[in-house]
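One chain, chain A, appears in both complexes that follow, with chain B as partner in the first and chain C in the second.
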Partner chain A sequence: MAKKQKRYAFLINLERCIGCNACTVSCKSFYDLHPSINRRFVRETSELLTGTPKRNYISTSCNHCDRPACATACPTGAYIKLDNGIVKHNQDRCIGCRMCATACPYGVPQFDPVKKKMDKCDMCVDRLEAGEQPICVVSCPLEAIAIVDLNEIDESQVVADLPGFADSSITGSSTRFILPKGTTVVRGGIKSWNTL
Partner chain B sequence: MEHAMTLVIFTFLSQMAIGAFACLFFIDTYKEKISERSTVISLITILAISAVAVVVSVFHLGHPFAAYRALLNFGASWLTREIVFFPLFMFFVLLYTFFAKTKAQKQILGWTTVVFGAVTIFSTAMIYTIPSVPAWNNGTTLAAFFLTALLPGPILVQLLLALLEKRTVNFNLYTTVVAFLALLLNGVTVSVLKSGLPAAVESAGLLTASPLFWIKIATLAAAFALAGYFLLKKKAGTVSTVTTLFALVIVAEFLGRILFYSSGVHL
Partner chain C sequence: MSKVSRRTFLKGSAVLGALAGIGGTASSFKKIKPAKAAGKKKQVFSSCPRNCYDTCSIVTTVEDGTIKFVTGNMNNTYTNGRLCVKGYTYPNYVYSPDRIKYPMRQKERGSGKWERISWDEAYDIIAKKILEIKKEYGTTLPIALNKYSGNFNVLNNAVEGMLSSWGYTTRAQGTPCWPAGIDSQTFDFGAAVANDPEVMVKAKYLIVWGANPAWTSVHSMSIIERAKENGTKIVVIDPIMTDTASKADEYIGIKASTDGALALGMAKYILDHNLHDMEWMKKNSIGYEEYLNYLRNNITVEWASEKTGVPVEVIERLAREYAAAKPAAIWLGYGLQRHTNGGASVRAIDALAAMTGNIGVAGGGANYAQTECYGFNYAVQSAGTPPEGDKAGGDRMLNMNNFPAQVLAINNDPEQIPIKMLWVACRNPIAQDPEASVSYKAFESIDFIVTADLWFNETVKQSDIVLPVSSIFETWGLTASYWHYWVNVNEPAIEPLYESKSDLEIAMGISKRLNELEPGSCTYPTDRSIEEWISNELADDFIKKFGFKTWRDILEKGTAKVEGYEAAWSDGKFRTPSGKYEFLSETCAANGHHALPVYVEEMEVPKDRPIRLFSPHWKYGLHSQFQNLEWMRSIHNEPFVEIHPALAKKKGIEDGDMVRVESEVGYVEVKAKITHTVPKDAVVIYEAWYKEQNFNANFLLKATPSDMGSYATGQAGLAFHDQFVTVEKI
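And now, the complex of A and B:
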């Protein structure tokens, strides 16, 4: 029986992310990116994500969408949706028109002021093909980022939408999130909602 | 979009040139007899404006000399389609200028040129009708781009004919109606944005808080009043009237295009 083609996606565990930016910095360092460019961002998100006040961080990069707006907007066809789900940008074709940045609901592609071309995450496709994990995955001290196969994942345990994150249905974002658990203060101690 | 000024100039000039050609073709082929000299000079002016638009547009690219690669994604990208159709429009303006001698030739070449022009404007509008910028993702983008062709374009032709033929073609009814529609569109746009997503509401705030928006409204209202006055007086107006009208609509539409790019809030 033919093996089903994998559909790679990022899985971000918000319960684990502490906002340390190791993913951002390691990616930037590994690929020697221009100082103005980040392929991965960490930002603070709503404190009320779980219904109770709690500091939450979200790490995002390219969402490798099912219907990538960057690929539709690009006049040179520099973006390719690979069979494994990764949206790859071919810098050799790019002319730096920046339409991809305008069209992407997440504003992911960024203009490299030295190369005068766009830049974005390709999920370290070369490392994946060599059997290694992307650099952001291996550098996260809390293992908050993982690569999953969307054919295998249990969608009931994850979400595709978060407050402040553009509607995933627009372009079919492949990134999935594990929501943090709610907490409450009981006589000075902190307990998880689901243990009460 | 900090690099948007080249796009402001390109979209404004290209749409004005398309509107001007459509108007000149209509007058030349179906309406008033104008001399061949005036027609050719007007067409060359339209071509020159189009050429300036193309040259300026190339400078918003990181690699202007690789601009030819923008033709590679015709099947998916509206930007590629715009880049294909606008030079086709220019090519047919050139053919019309030098090869359209009989009425039949003028009709065939003229209508083909108008269709390529209309498809160019449609393609340009579709580039910006995208969910990532809610303020642009509605019919007002298409309406605004076509109005840029329909308002300054014919007034440019009116001005050229007034200068070349020393007589004023009476466009007062047309200008009054289109200037009114342009004024109306501003109200519709603000209303649509205010009832949209938070990013669109933010765009509405940026738009109405800008002094440029109110200058645009004032100049459009002045153009409407001026054309309306001469319409009621049943006079064609003078060269200075047409020049004033042209200046008013140029300012209004150019400011409108600057505001379009500067107020488009990303999701």
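And now, the complex of A and C:
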């Protein structure tokens, strides 16, 4: 029997993510990106994500969607969805029209002001093919980012949607998250803290 | 201010100097041999020299003489092959267009009118000024040094050696970081010696007390996450719900500066319920009876609750859980001792760990810091000894934590030898010293200011001469940590950029010129290569600890660990006068404090400025470094003040509004960020240097001393977190 095709996706463990942007900067460094370009994005999200207020973040990159809006919008066919799930952007075909950036519900593709072309994460496909993990995965000091195979993962342990993150059903975002756990908060004897 | 002999200074500065270290990743970044013939790609070991718990060992990839990438060294199990966000910016740091490229002279301070000069000119101007001062005053005491933690590479201690080689000088002594707690642990244990943080995973219960490793020690945060996944209960005690607190099982939002009361309240409950370790105390300590009597007669859990704002039942439960968990660890952060009673708080927490027998246990401990890895010779420092005939007879010590005011006091007093020249290295004092407005006045009162730096920061802008310093990637270095137990070597990765030089090269260059102008006027050696200097730093007995035959053996892995600290103090040999853990410390009493770890009242909140200001470390910077870099600016580039919604509502402030925060000594205008994670009666502004932005948190800070610090570090610390302000919408 043929080996089942992998569907690569990012799994972000938000219980471990400290919102530090080490992923963003190591990626920028490794690929020598224009300083204004980030292939990863770390955003603060609702302090009430787990009930009691605390600092929460979402770290994402390109979500390598099943139905990539960038590919649909692109007039030159610069985006392709690979069999392994990765949405790859071909800069040689890109004319820098930014239609993809407008179409992407996550605002992922960014304009490189020097190359005059768009830029986005390709999940370090060359590294994956060489048996190595993406740079953000190996750089995260908290080991909060992993690559998973969506055909293998137990979907009951992860979520695809979070407040502040566009509905995954729009384009079939492949990114999965492990939700942060709640923290018991004792604060100045105020028990109704989260009602403030 | 005091005069101390050369000998005392060296002893003191040894302590200060000591302040100064997916599977696939291993293979992809394993060091390849620097192939001279086989290609133009090489990897070398670098060492981050910043003032940081984590003091990382770095692998630097160089192609065609250009740094392409940096990452963590897998050989160092603490660094674990990964860096923090700041570390990953190093290629941007090295090649930033903002770097100072040449020696320059400013026509008028603050004017920005810099003219390029040659190194020969710079050395000549500086050497002539030194000789002129020496001739006029018969001593070099009018020359002051303000240097600290911007670069903890041991070779940078050449700056202290350089000044000594001119004569006796005036020094900014002490440390803003941790002095009160260092004193406390010195009184209690005889020295601060923490357990190896890599064994923190063995704790069954971990209290992170006043530390925020999610921002300031990400590798320890990784260890904490691993411990949590193994079932360790993580409790964070902090007035701010930090990112570390946000990862805890339980967060205790304590009223600031009352940490000692919580520790004493817990200890009282433990004593009342016979959960203490009497056997440990009898065997290992002195003064325990007096301590236990103090708890019996003076402390109640209700009192502790009143003080701390933590409910009685929570204090009781914390006490039960902490006493029952074996082992239980406490990590004491530097934040909790930055108060007028901070040293006393640390002693109370130490006592809690000791009375439960958690000292000398792997996975236990009252872990604050350690200086056991600083086995260097400090040859770069001791190479400089004052030439004959300096009439001062000793250096003049000023408190680094109140340096500007003390400079002004001297320069306004005709009875004292004035400060005519200032040398700044490894530091940005205008950004980092309290009372920034006083800093500007102090700088104005000094005739001649030389700053050696990489960036045109606020201090450089107020200098006459700036000397371009090379980054660590352009020179040799050795760095030890004050937290983990690794020592890292730093090999040059690339040639020095532009005309930059290391501080050590500058010391030698000035010495050469001084002796040309006036033979014998400077004792600093000028004939050693940097590699010779580094070999001098690794003493024979030190390298034996690592099983090395020569110092070069460290180049094999780039890093070496000092073993034997899984359970600090497990031998029961404390370095106190009694040789025991001292619940009752005569040394502490002799230094003007209580002999017992009693509660010292916190500073009263002033009625006209009822809002407490915290100005802790920022995650995208280390003090005044990193936030200025382009890569960092692409992520974040706007200072802000965190305000609780309740306070914001009271003041009519909405998220994003500009607000004016005003203290007794100054004000800042900054954007409001509304968040539930700060107390209702406090605001938080993270200290950082933003490039070309008119922002400096230290305009708000008053130089209020902390209770302790002068015993072990020479000078009292600074009550950074006992600062009070008003906040109004602009």
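Simple rule for what comes next: the second predicted complex is superposed on the first by the 185 of 196 C-alpha atoms of A that agree within 3 Å, B and C clash if a C-alpha of one lies under 4 Å from a C-alpha of the other, contacts with A are read in each partner's own complex, and residues count from 1 in each chain.
Note that in this section a contact is a pair of C-beta atoms (placed from the backbone, for glycine too) under 8 Å apart; a residue touches a chain by one contact, two chains touch by 3 or more.
Everything numeric in this text was worked out from a predicted model, so none of it was measured.
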Notebook entry, point to check: On chain A, do chain B and chain C fit together or clash when superposed?
Noted result: fit
Notebook entry, point to check: Given the superposition on chain A, which partner contacts more residues in chain A: chain B or chain C?
Noted result: C
Margin query: Which partner chains sit in contact with A:Ser36 here, chain B, chain C, both or neither? Use first/second/both/neither.
Written below: second
Notebook entry, point to check: Once the shared chain is lined up, is A:Gln133 touching chain B (first), chain C (second), both, or neither of them?
Noted result: second
Next item on the list: Applying the touch criterion given at the start, work out whether A:Thr102 contacts chain B, chain C, both or neither, answering first, second, both or neither.
Entry: first
Next item on the list: Have a look at where A:Ala71 lands relative to chain B and chain C in the superposition and call it first, second, both or neither.
Entry: first
Note to self: With both complexes superposed on chain A, which partner does A:Pro141 reach: first (chain B), second (chain C), both or neither?
What the structure shows: second
Check: Angle chain B-chain A-chain C between C-alpha centres, in steps of 10 degrees?
Finding: 120
Next item on the list: Return first, second, both or neither, reflecting whether A:Ser46 touches chain B, chain C, both chains, or no partner chain.
Entry: neither
Notebook entry, point to check: Least CA distance chain B-chain C after superposition, rounded to whole Å?
Noted result: 17
Note to self: Need the overlap of the two footprints on chain A, from chain B and from chain C, as residue ranges.
What the structure shows: none
Check: Which of the residues in chain B come into contact with chain A in the complex?
Finding: 1, 3, 60-63, 66-67, 69-73, 76-80, 83, 127, 130-133, 266-267
Check: Which of the residues in chain A come into contact with chain C in the complex?
Finding: 15-16, 18-22, 24-26, 28-30, 32, 35-38, 42, 47, 53-56, 127, 131-133, 137-143, 146, 180, 183-189, 193-194, 196
Checklist line | Contacting residues of chain C [partner chain A, same complex] | finding: 22-25, 27-28, 68-71, 80-85, 88-89, 91-92, 214-215, 218-219, 221-222, 225, 241-243, 245-253, 255, 305, 309-311, 314, 619-620, 630-632, 634-635, 644-646, 675-677, 679-680
Check: Of all residues in chain A, which touch chain B in the complex?
Finding: 69, 71-77, 93-99, 102-107, 111, 115-117, 166, 170-171
